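These notes concern the structure reproduced below.
Per-chain residue numbering starts at 1, and chain names A, B and C are given in the order in which the chains are listed.
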Amino acid sequence: MAMKTTVESAMGQPDGVSLRRTLPGYVYTDPAVFGREQEMIFERLWFCAARSAEIGQPGSFRVVPVGRESVLIVRGHDGALRAFLNVCRHRGSRLCAEESGQVRRNLRCGYHAWTYDLDGRLVAAPNLAKMADVDRDAYGLIRVGLREWLGYAWVCVADEPPSFTDTVIADVTGRLGDPAAIGHYRTEELTVGRRVTYQVAANWKLIIENFMECYHCATIHPELTRVLPEFARGYSAQYYVGHGAAFADGAQAFTVTGTGGLGRLPEVAPDQDRRYFAVTVRPQVFLNLVPDHVIVHQLFPHAADQTTVVCDWLFDAAVVEAGQDLAPSVELFDRVNRQDFRACELTQLSMGSRAYRDGGVLVPSEHHIGQFHAWVTLAAQL
Amino acid sequence: MAMKTTVESAMGQPDGVSLRRTLPGYVYTDPAVFGREQEMIFERLWFCAARSAEIGQPGSFRVVPVGRESVLIVRGHDGALRAFLNVCRHRGSRLCAEESGQVRRNLRCGYHAWTYDLDGRLVAAPNLAKMADVDRDAYGLIRVGLREWLGYAWVCVADEPPSFTDTVIADVTGRLGDPAAIGHYRTEELTVGRRVTYQVAANWKLIIENFMECYHCATIHPELTRVLPEFARGYSAQYYVGHGAAFADGAQAFTVTGTGGLGRLPEVAPDQDRRYFAVTVRPQVFLNLVPDHVIVHQLFPHAADQTTVVCDWLFDAAVVEAGQDLAPSVELFDRVNRQDFRACELTQLSMGSRAYRDGGVLVPSEHHIGQFHAWVTLAAQL
Amino acid sequence: MAMKTTVESAMGQPDGVSLRRTLPGYVYTDPAVFGREQEMIFERLWFCAARSAEIGQPGSFRVVPVGRESVLIVRGHDGALRAFLNVCRHRGSRLCAEESGQVRRNLRCGYHAWTYDLDGRLVAAPNLAKMADVDRDAYGLIRVGLREWLGYAWVCVADEPPSFTDTVIADVTGRLGDPAAIGHYRTEELTVGRRVTYQVAANWKLIIENFMECYHCATIHPELTRVLPEFARGYSAQYYVGHGAAFADGAQAFTVTGTGGLGRLPEVAPDQDRRYFAVTVRPQVFLNLVPDHVIVHQLFPHAADQTTVVCDWLFDAAVVEAGQDLAPSVELFDRVNRQDFRACELTQLSMGSRAYRDGGVLVPSEHHIGQFHAWVTLAAQL
């Protein structure tokens, strides 16, 4: 794959100026801005909510916060996943109170026993027989959009979800270049070998901006730059369409020591081998692709300065079943995560300073972050 | 006593529709709405603040939060209770810092020693003799309304309290039908056998709505419906003027096992025996009347989603003094309370959802809650 | 020094009225008022931030919250202190993450390694050589005003700091009368023998008002009034220009027992001996001068109802080095502090009451607090 500087050429460098402006500080601290982002971004776009395999049997469910909503994802008796607002239509009680669970046949509200089938239809309630005028579909659970991709359930709580292809898939293809590239990792067939959940005291946008650039890599990621020496030069792989960062000559694998590794996922292409690809899927997913595993970050923003990040390390099922040692692979990016999130937290602290009233600056290898800023500004109508 | 469906007939069922709207979700979450409720409801109406007997001797006092105020209730040297804003008139220090206590003669501010007699009059202060122009009545403590009823001190911090008879007593009589009915329990002579305080993460209105209906009883109250089988059919005793729910044929008493009990309060009438009466006294009291004891709930709303509930189990003084076992009686409603408050907390969680933007629905046996909603809307000018 | 009642005569006592109004309660609770005070007072005036000697060597630094800003104070290679906003000019990360520390040569941001010399100039950054158009002065750290006085670093984060002489020094001279008086304590040469930090749940103005008057001393300060009997009469030493409160005849020293003491600071004048002088330096410093030590309070307001107070007990270096017992000296004002801050916290609790809607009252010996109220009102444009 050729290295093309599309972002760079698209934006240009006006007047030969190296530095460009970031967003102003208040968009990282103002609860009103965060409220708009919840409404216009997280409650309108596709949101990666749960690993499908964790909702395995008919009647299995998971409850996930999406924007300000609680979303219930349940596997039907037909084997398909469906998603609903997790709110009883009667008096509004949270329908499923636990984060995950298993029902036998129906979903029954714990308050007044209004009962819905796994399609969301109201099928029973005390004295319902005497209320012949109650439309059991109209008072069914409120359905929300659901798509499965890469082994995850993506939901959209908006009345009219945008095209999944034009948003989620377009972000991945736009980064990798070749639409077929992501498929080679067979992410939907992989097994979650490890999950780590991080509570980050920083705005979700700082976490995305951090992931989008590698100008910081030399400073805070010694383990990562040892495996990916080009990252030490500060140019992010996300800067170039189709480019993956090459492993160091001496590195055998994407592990904390650079040794070991777990072979190669069966369909990974030769030009994907010994390379690391990072992909940002707006608004809240990072994909990290290496030959022997895939790492997926899901961001759950809670407040202007609070974000939960759930990170999954996905491996070939056979590798996990065989009990192979996943720790060297997991430890590398777990360290990277902790290094990054601390940097984001230290940055959050300054967002209210008058020094950042008009924002900071982006160096050339960060200019593509300006595209993210433009997108947020437009999407949330800031 | 005849069963009359006054609430039902007053509101009608337009177009034969079974379901009616509740209040919209934001009135349970919006701090501005809660602020209005504090100002227009809890700081204007009579508020049940303390058990009179706990303020036994001259100089005994209790401090109670009423709306956003701290109210001081003190027994005077003449044996009467009086209530004041718990604020020194000089520089505003909280006059009594403890929740309860005993003074010898006067109330003395701990900051600058401004001193008030138990009538609230300013009687001493450093250098006061040199300030001849200071009016000791005008700079006395700010008096607030106080009425004793059912053995409780009810206070009203408004400048012009409403009629106690037309509000508090009218709520009780409106529910029980016969104005003499409440008196048969001689509640003012009973002794607090047990007090439990619950911190509930729910709006006060959800707690009241929950208490007003029994459509949920079959689902969450197995112990209660065993003693009161009609509650399992979902029709609330509060729905009918004068109606008390009959004990199950096999139930000896209002206890967690249905056995035992503590006899009968001496003046309870035959049509009150073996029956449970629930009464909602707006804005923050529930009365529960059974033949051998009385249970009183006081709600103290702190925030849109935080309410403290203090529950007293009141028994005949002789029963308490004899050391009879109160536990089976207390455990029944303590379980009911915990079941109810958990349901309220799960409901609170959905109040911000778009699924509840226009509210939920009331089934016919809940329609009378609509009257409470109308009252709140008017009282708080929502 | 003669006792002159300048404040008193300036304000007069209209109509022979003993009582005057304080500020209304909401100015002590409203977050918007506190926001204005941050902007108009703490971020515009000189703010006593740190003891200079704690930033001893070139490269030593301290980080201090000033209003809503984080200020970095660092000693340069030339031995001079400088202050900067603690914000990297690149992407805004907090430059120094720790409260204090020591760098060797430069200040290096932990995120992307932008590096500043101790004058604040941008001297290095990854790829900076390729960004020839970046002005290393324009992208240096944002400098803030710094003055050293009494051994403290005073900073001002405003673009145009006010005259230090006309504000800080004028407050001290206005209180002590003689401009030379403060110098006799050689405060800049003293050593911090003990530092205690108090978290006070009260508005900063209540803490200042408390310090300005002694009408409360008889009530809450038994140890202090034993040493300074005139304080028991309620007239504050701050009321009179140049007046220091005389020690009790039997008191040997300003200690919790009135015995012991540590001699006399070498240049203390005869009319300063055996006297206590209190000085309020707006907006956030108290000076307490006694013959053998100096006590300095620094207030750090965090929220309308949260203030951190750092209290330093300063002694002659020889006294500290000799290991003399400082405890009797420290314990006296530590007790006074705890007594005062508890009173302030109890007062804060009433600031939202309707009893304080129009404020409380000032007795004659508190009338000078009205001048502080007028100053705050004007300064914060309330």
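The rule is simple: a residue touches a chain if its C-beta (ideal position, glycine included) is under 8 Å from a C-beta of that chain, and two chains touch if they have at least 3 such contacts.
Here the structure is a predicted model, which means the values were calculated and not measured.
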*Can we say the copies chain A and chain B touch using the same residue numbers, with more than half in common, or are the two sides different?*
different
*To bring chain B onto chain C by a C-alpha fit, how many degrees must it turn, rounded to the nearest 5?*
120
*Calculate how many whole Å lie between the centre of chain A and the centre of chain B, each centre taken as the average of the chain's C-alpha atoms.*
48
*For chain B, residues that touch 2 or more chains besides their own*: none
*Using the touch definition up top, name the residues of chain A that touch chain C in the complex.*
16-19, 22, 25, 209, 215-216, 218-220, 234, 343, 346-347, 349-356, 359-366
*Report the residues of chain A in contact with chain B in the complex, numbered from low to high.*
43, 68-70, 85-94, 97, 110-113, 125-127, 130-134, 139, 142, 157
